[in-house]
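Take a look at the following structure, please.
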Amino acid sequence: MTITPPALSVFEALESEVRSYCRGWPAVFDRAQGSHMYDEDGHTYLDFFAGAGSLNYGHNNPVLKRALIDYIERDGVTHGLDMSTTAKRAFLESFQNNILRPRDLPYKVMFPGPTGTNAVEAALKLARKVKGRESIVSFTNAFHGMSLGSLAVTGNAFKRAGAGIPLVHGTPMPFDNYFDGAVEDFLWFERLLEDQGSGLNKPAAVIVETVQGEGGINVARAEWLRALSELCERQDMLLIVDDIQMGCGRTGAFFSFEEAGITPDIVTVSKSISGYGMPLALTLFKPELDIWEPGEHNGTFRGNNPAFVTAAATLDTYWADGQMEKQTLARGEQVEQGLRAICDENSGISHRGRGLVWGMEFEDKPRASAVCKRAFELGLLVETSGPESEVVKLLPALTMTPEELDEGLRILARAVRETA
Amino acid sequence: MTITPPALSVFEALESEVRSYCRGWPAVFDRAQGSHMYDEDGHTYLDFFAGAGSLNYGHNNPVLKRALIDYIERDGVTHGLDMSTTAKRAFLESFQNNILRPRDLPYKVMFPGPTGTNAVEAALKLARKVKGRESIVSFTNAFHGMSLGSLAVTGNAFKRAGAGIPLVHGTPMPFDNYFDGAVEDFLWFERLLEDQGSGLNKPAAVIVETVQGEGGINVARAEWLRALSELCERQDMLLIVDDIQMGCGRTGAFFSFEEAGITPDIVTVSKSISGYGMPLALTLFKPELDIWEPGEHNGTFRGNNPAFVTAAATLDTYWADGQMEKQTLARGEQVEQGLRAICDENSGISHRGRGLVWGMEFEDKPRASAVCKRAFELGLLVETSGPESEVVKLLPALTMTPEELDEGLRILARAVRETA
Amino acid sequence: MTITPPALSVFEALESEVRSYCRGWPAVFDRAQGSHMYDEDGHTYLDFFAGAGSLNYGHNNPVLKRALIDYIERDGVTHGLDMSTTAKRAFLESFQNNILRPRDLPYKVMFPGPTGTNAVEAALKLARKVKGRESIVSFTNAFHGMSLGSLAVTGNAFKRAGAGIPLVHGTPMPFDNYFDGAVEDFLWFERLLEDQGSGLNKPAAVIVETVQGEGGINVARAEWLRALSELCERQDMLLIVDDIQMGCGRTGAFFSFEEAGITPDIVTVSKSISGYGMPLALTLFKPELDIWEPGEHNGTFRGNNPAFVTAAATLDTYWADGQMEKQTLARGEQVEQGLRAICDENSGISHRGRGLVWGMEFEDKPRASAVCKRAFELGLLVETSGPESEVVKLLPALTMTPEELDEGLRILARAVRETA
Amino acid sequence: MTITPPALSVFEALESEVRSYCRGWPAVFDRAQGSHMYDEDGHTYLDFFAGAGSLNYGHNNPVLKRALIDYIERDGVTHGLDMSTTAKRAFLESFQNNILRPRDLPYKVMFPGPTGTNAVEAALKLARKVKGRESIVSFTNAFHGMSLGSLAVTGNAFKRAGAGIPLVHGTPMPFDNYFDGAVEDFLWFERLLEDQGSGLNKPAAVIVETVQGEGGINVARAEWLRALSELCERQDMLLIVDDIQMGCGRTGAFFSFEEAGITPDIVTVSKSISGYGMPLALTLFKPELDIWEPGEHNGTFRGNNPAFVTAAATLDTYWADGQMEKQTLARGEQVEQGLRAICDENSGISHRGRGLVWGMEFEDKPRASAVCKRAFELGLLVETSGPESEVVKLLPALTMTPEELDEGLRILARAVRETA
């Protein structure tokens, strides 16, 4: 496939230098369907990125599209602040029936604003309010968002520097396997908590991703998560699972923490919750934590009703039974086989992942970017992650067909070969 | 009109106590069109709140609706991160042609995430980065958002307390007319800046609303804004105008600061920019401030393409000429007449506003809430604002007809009478 | 008098660039007695600075010297941590009998470490602990010390910049007469406190100097102090008077706030409390505030017993009756006459002060430094203060004779004339 | 020995509840000589605490006493701000000749105020100013002082809580042997520094005690200190050694870091520097770090001239050759033998130390306090340290005779036996 460099003039002239994905993928995208995106020049791309995990059901999923257009056509409420609406009720009922009740999860639902960072900000505020303490523990290579509260618990030094103020009230701890097993889990963390002379400000909460997406596809083991959950209970800290990228079925189960058998105190959900790529976010928490005063946290776009409509449709369509989970795990095995083959054929690459989130780490770090660049030229959208962009990250839609997965893996294998 | 209390069970059982508008308006809203909302029990409400200023063109505006459905039908990209897309280009071109170029505004456009608080966070980060200073000056009764960066420059003590950490790096200064003319404008602020012993950390920037919406419809005079702008220039501070609620034509001109003839260094825009009530936000700044590194600030929903589509449609439809501005100013006069009549008939009430944002302040503060409650029973949606909810706030859609405005004002007058 | 530039080599070679007084007074001082200092080259200087107010009873006061040498000779405890010692008891009893009881002051006494900034740090910690709030209000041109807690409530921008971190949790308010009467006292402060939307973090305490020494000899009126005290009570904030420089009789009465008839919640005392120029400091507070846990604040040199000995001697010698206060007020009148004469003879100078602390402000700001330089050449030690070093500051020992005062004033008048 | 409870009334009535040593040692001390203290009731105490390390040369050392009285008698300058004085010059020259030059140490000398916490505050300010970064790394169980800057790098949770504000800009790392060798030295710290995604704010400096006195007599190995020094150099962080308690010969050499062969960038010295128990402190730093502006950090009691006099006398008397160091090491061996015998005789006790600082840790933690209490009854002053006061801490004067040491060790052994 040959790609003509598109005329990007208005983007270059008018859009801030902060723009980023458009630089690695120099095309003007026009349409998208399922796992394919189409640019203005008629090129087709197979999408292994899925809106950074926001499009678990593919682009413009027809079932959701139908529900969405119907809703718009009939003049359903679009913008609802936090008013009660028919669409919100349908979503809440579907969420309760399909997600919370079958999993015996007791959560209250908060709509904190329609983006992941809103959900994290609300979670941190609530945890501090409940515990009366300021400090939050996060993990190495965590990513939780760009507003100041979330950024303070995000690991990336480059993004932290953007704050323009010293980021405080957060302390990083080693994520699972940070020392390749050389140090006992939570040795440092628990010792700091127990030692009255340690100098650690006692945390209100711990915030963790079960699989660190931006951080390089670092997969926490179920036993590590269980131990963390027990540590939090033992030490009177709340456990916040940030399931923004790994929730909504990405790892198989609806919530990524289900496999570990834990019940976090607070859970943040966003990205794929609307299903259609529209902004929506939830902060879930145990009912005894619901000490918010009415309006103490607010926001204009908390009630994005078209997103409620598509969200309810995804839950009713894909989460009424356990099929989606099984399918994702099966597709995950397929991806793993493909990656294992690539790693076997090439030296200096390792792979890891869970469900349908996978990473290939390159010892020769810049090669990861070269692979993505070559893959783009070959019609595949993949991105890097990790602190030095040394990991190629795979986030295909959960609805991607086995054939599409195979096609993508073939292109990836070729891109790896051609960047050797 | 009689209203049966709706069954709110799932909201009460499942949604967090933080919910708020649904308490004052105990109905389940189903559909909306123009300036009317319809609940499930068949009641109709005239909307003088317009999504807190997010629905300047009314609910489900037919022109935008057509463009939106067309886009969805043809599988236009929905979720685009910050990729270049056809829809984004159309929006950028329309924004340049209809808004920036005619006003000779040199701004670069950043998509900081789709909510107002994202736009403010990005503005504050950029200002601090540019100036290398942490401190920001805000004004009494300011409202800028709920994430930690924005909350630190927001005045409301109740919302600030929700942070759970001490909010620092911000200092409040008196908004225009805070002392009813008894103190010279900027006397305190400039003295603090000039006195090397004042103890004020030199600010990177000043953030201001031209009309404080949440703060109680406090209208800054054009000369005050000009003096502030000159002060900022003289003292090497950036001027940030938060035009999230007052922009997009609410005060007449597209930007609320146009009347004052100033050019802020940074402008935040959200709420009505998509026109259809969908999440979208912009941070605009002078090109010399565009020192962002690629990806230094990011976010999943920066590229909400359906919102680009409706946004471009609003600009092409309503802002290609000066008609909208003229109409808004005319309708504003109509509202003022109505309010003046109410104030004349009743003692203890004063009114103020600009364009189509107006407030009625009640000396007997709780009466403002009583008026809103009564208005709701009479089929009118209005809300209070101000530090003690002492102001009834009018934010009708800019597209509201003169007849609808009159109807609303009549209901309001009745509600005022009936709460005397 | 001719002064040969002394050999300063070891100071220049070994001592940090941070040294400061030695630059303006380029002599090596060897001995001192009463109000005179003697350098190694045989020059004599009349001291109008008195150790920045630490030598209210003159250098090496013979009464104190005798007590001190006796104590050392008999091997009295020198270093006592916070152990009970005979010397500490004698001091406490003398302080109670001569100072607290006659003034009906109920204070508990804390030894927070032997310097002023230790006393301020302890005061701020206690106020925050008592009120459970972080914020402290200070005043324009305040000076409270160089450690981080004290520095955050100090006004001087140059000194604040030395912190190397953003100084937070403090907010400046206008000191008395900051606007030359153009703005009603506490208008801004009280409005901020009462307005729930002001954005001011509610302060735990207010810290104030009755006369700002470093800030330029700014004298608060008694009625302003009373109004401040009432404001604090009304608004549930503690009132801290930093009497480090103005206490111990500098303004006439032992405490500088006595004239105003107020009883601050917390008082800091240092500088002249030992009387002999040895490090000692007290933090005094109302007994109901004494919620410290044993050892919660500590410090190695809290029990500087030789300083207790001289301190008790000053109290017994000078404060058993009201003579000292009367004498100081009389000497203050003498100084004022002298200064008035200088101001009458020269244009562009104004004077202000109270008791034996006085300042001459020069419209031509650099002239204040020139005057001090010329005075030094003429054998008089005086220093500048104020944010731009525009004020010549007079702090003669309280024990200075009328003749010495006249001599100093004559030199000062000559220095003023010769710098015209 | 029988001790009658003394009348403590004025202390109890007037002194703040924060007082602490006086509670464990309920006597009123009157005189002191060498290693003995005498109370008002005629009891004699052997002092194994030495003013928490401030009296390395014993109480009221006759050599220093002579110099001090001579100075006072001849009216030498007592209070000198930071003026050049004869006494200061003598001290600087002695410090250069006896301490800096023989050790080839290039330091500039700053007088930051006369207490340890002043010295630490100045060190932290300078490090931040030099590096332009806010963050400081300290170690578990560190103790650096009570003012806000120092407290933020102090480990003890009880003392930290006294701050009344969240203590930020500091991060604790594990001190040497924190995990009993189970974790490689600096594994966590260096990984955090190298990982661009770790979330650690890059530190300006590391502050460390070579032996943690308050923290429980934790002795860092020389190779650990060397590795730390190399880490700091490699990672562009300044190394601050807080030698306030361990300097001035406590561990043998004048500076405690000499044994490790490192040259810290900044060193803080206080406690025993004056030798006579009078307040004095130094901040030493490499000349290239001396970027202070004149007066940027100041303080009233920086020039405590009597302390300069005794300080110079200690250096000339004890540090002109290597005898003091040899003697201290020999006495240290004597102490170790005594402690080893105690540990051999009793189970559940371990000992550790260096030079003349030693600790005995009790598995049965409250027993350490019981031992100190019993020792007091038997006429020996010893104190506990450690996060749970589980360590009996020995800090005898360096000038204590072998016979006195033996006597003290015998009393200690008896106290241990009698608390079994």
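Order of writing sets the labels: A, B, C and D. Residues in every chain begin at 1.
Criterion: contacts are C-beta pairs under 8 Å (C-beta built on N, C-alpha and C of every residue); 3 or more make two chains touch, one makes a residue touch a chain.
A quick map from chain label to UniProt name: A, B, C, D = Diaminobutyrate--2-oxoglutarate transaminase.
None of the values given here were measured: they were computed from a predicted structure.
> Report, in degrees rounded to the nearest 5, the angle of the rotation taking subunit A onto subunit D when the C-alpha atoms are fitted.
Rounded to the nearest 5 degrees, it is 180.
> Is it true that over half of the residue numbers where subunit C touches subunit D are used by both copies, so same, or is it different?
Counting shared over all numbers used gives more than one half: same.
> For subunit B and subunit C, what's the span in angstrom between their mean Cα positions?
About 50 Å separates the centre of subunit B from that of subunit C.
> Please work out the Cα centroid separation of subunit A and subunit C, and write it as a whole number of Å.
58
> Please report how many Å separate the Cα centroid of subunit C from that of subunit D, as a whole number.
30
> Please output the residue numbers of subunit D that touch at least 2 other chains, ranges allowed.
Touching at least two other chains: 134, 158, 165-166, 169.
> Which residues of subunit B touch subunit C once you look at their complex with the stated criterion?
Going through subunit B, the ones touching subunit C are 134-135, 138-142, 153-158, 160, 166-172, 174, 178-179, 182-184, 187-188, 191-192, 195-202, 215-216, 386-388.
> Which bits of subunit A are touching subunit C when the two form their complex?
Touching subunit C from subunit A are residues 165-166.
> Mind pulling up the subunit D residues that touch subunit C in the complex?
6, 8, 10-11, 14-23, 25-33, 37, 40, 51-52, 54-55, 59-60, 65, 68-69, 72-86, 88-89, 92-93, 95-96, 108-111, 113-118, 121-122, 124-129, 134, 145-150, 152, 158-159, 161-166, 169, 204, 244, 270-271, 276-279, 283, 285, 290-301, 304, 306
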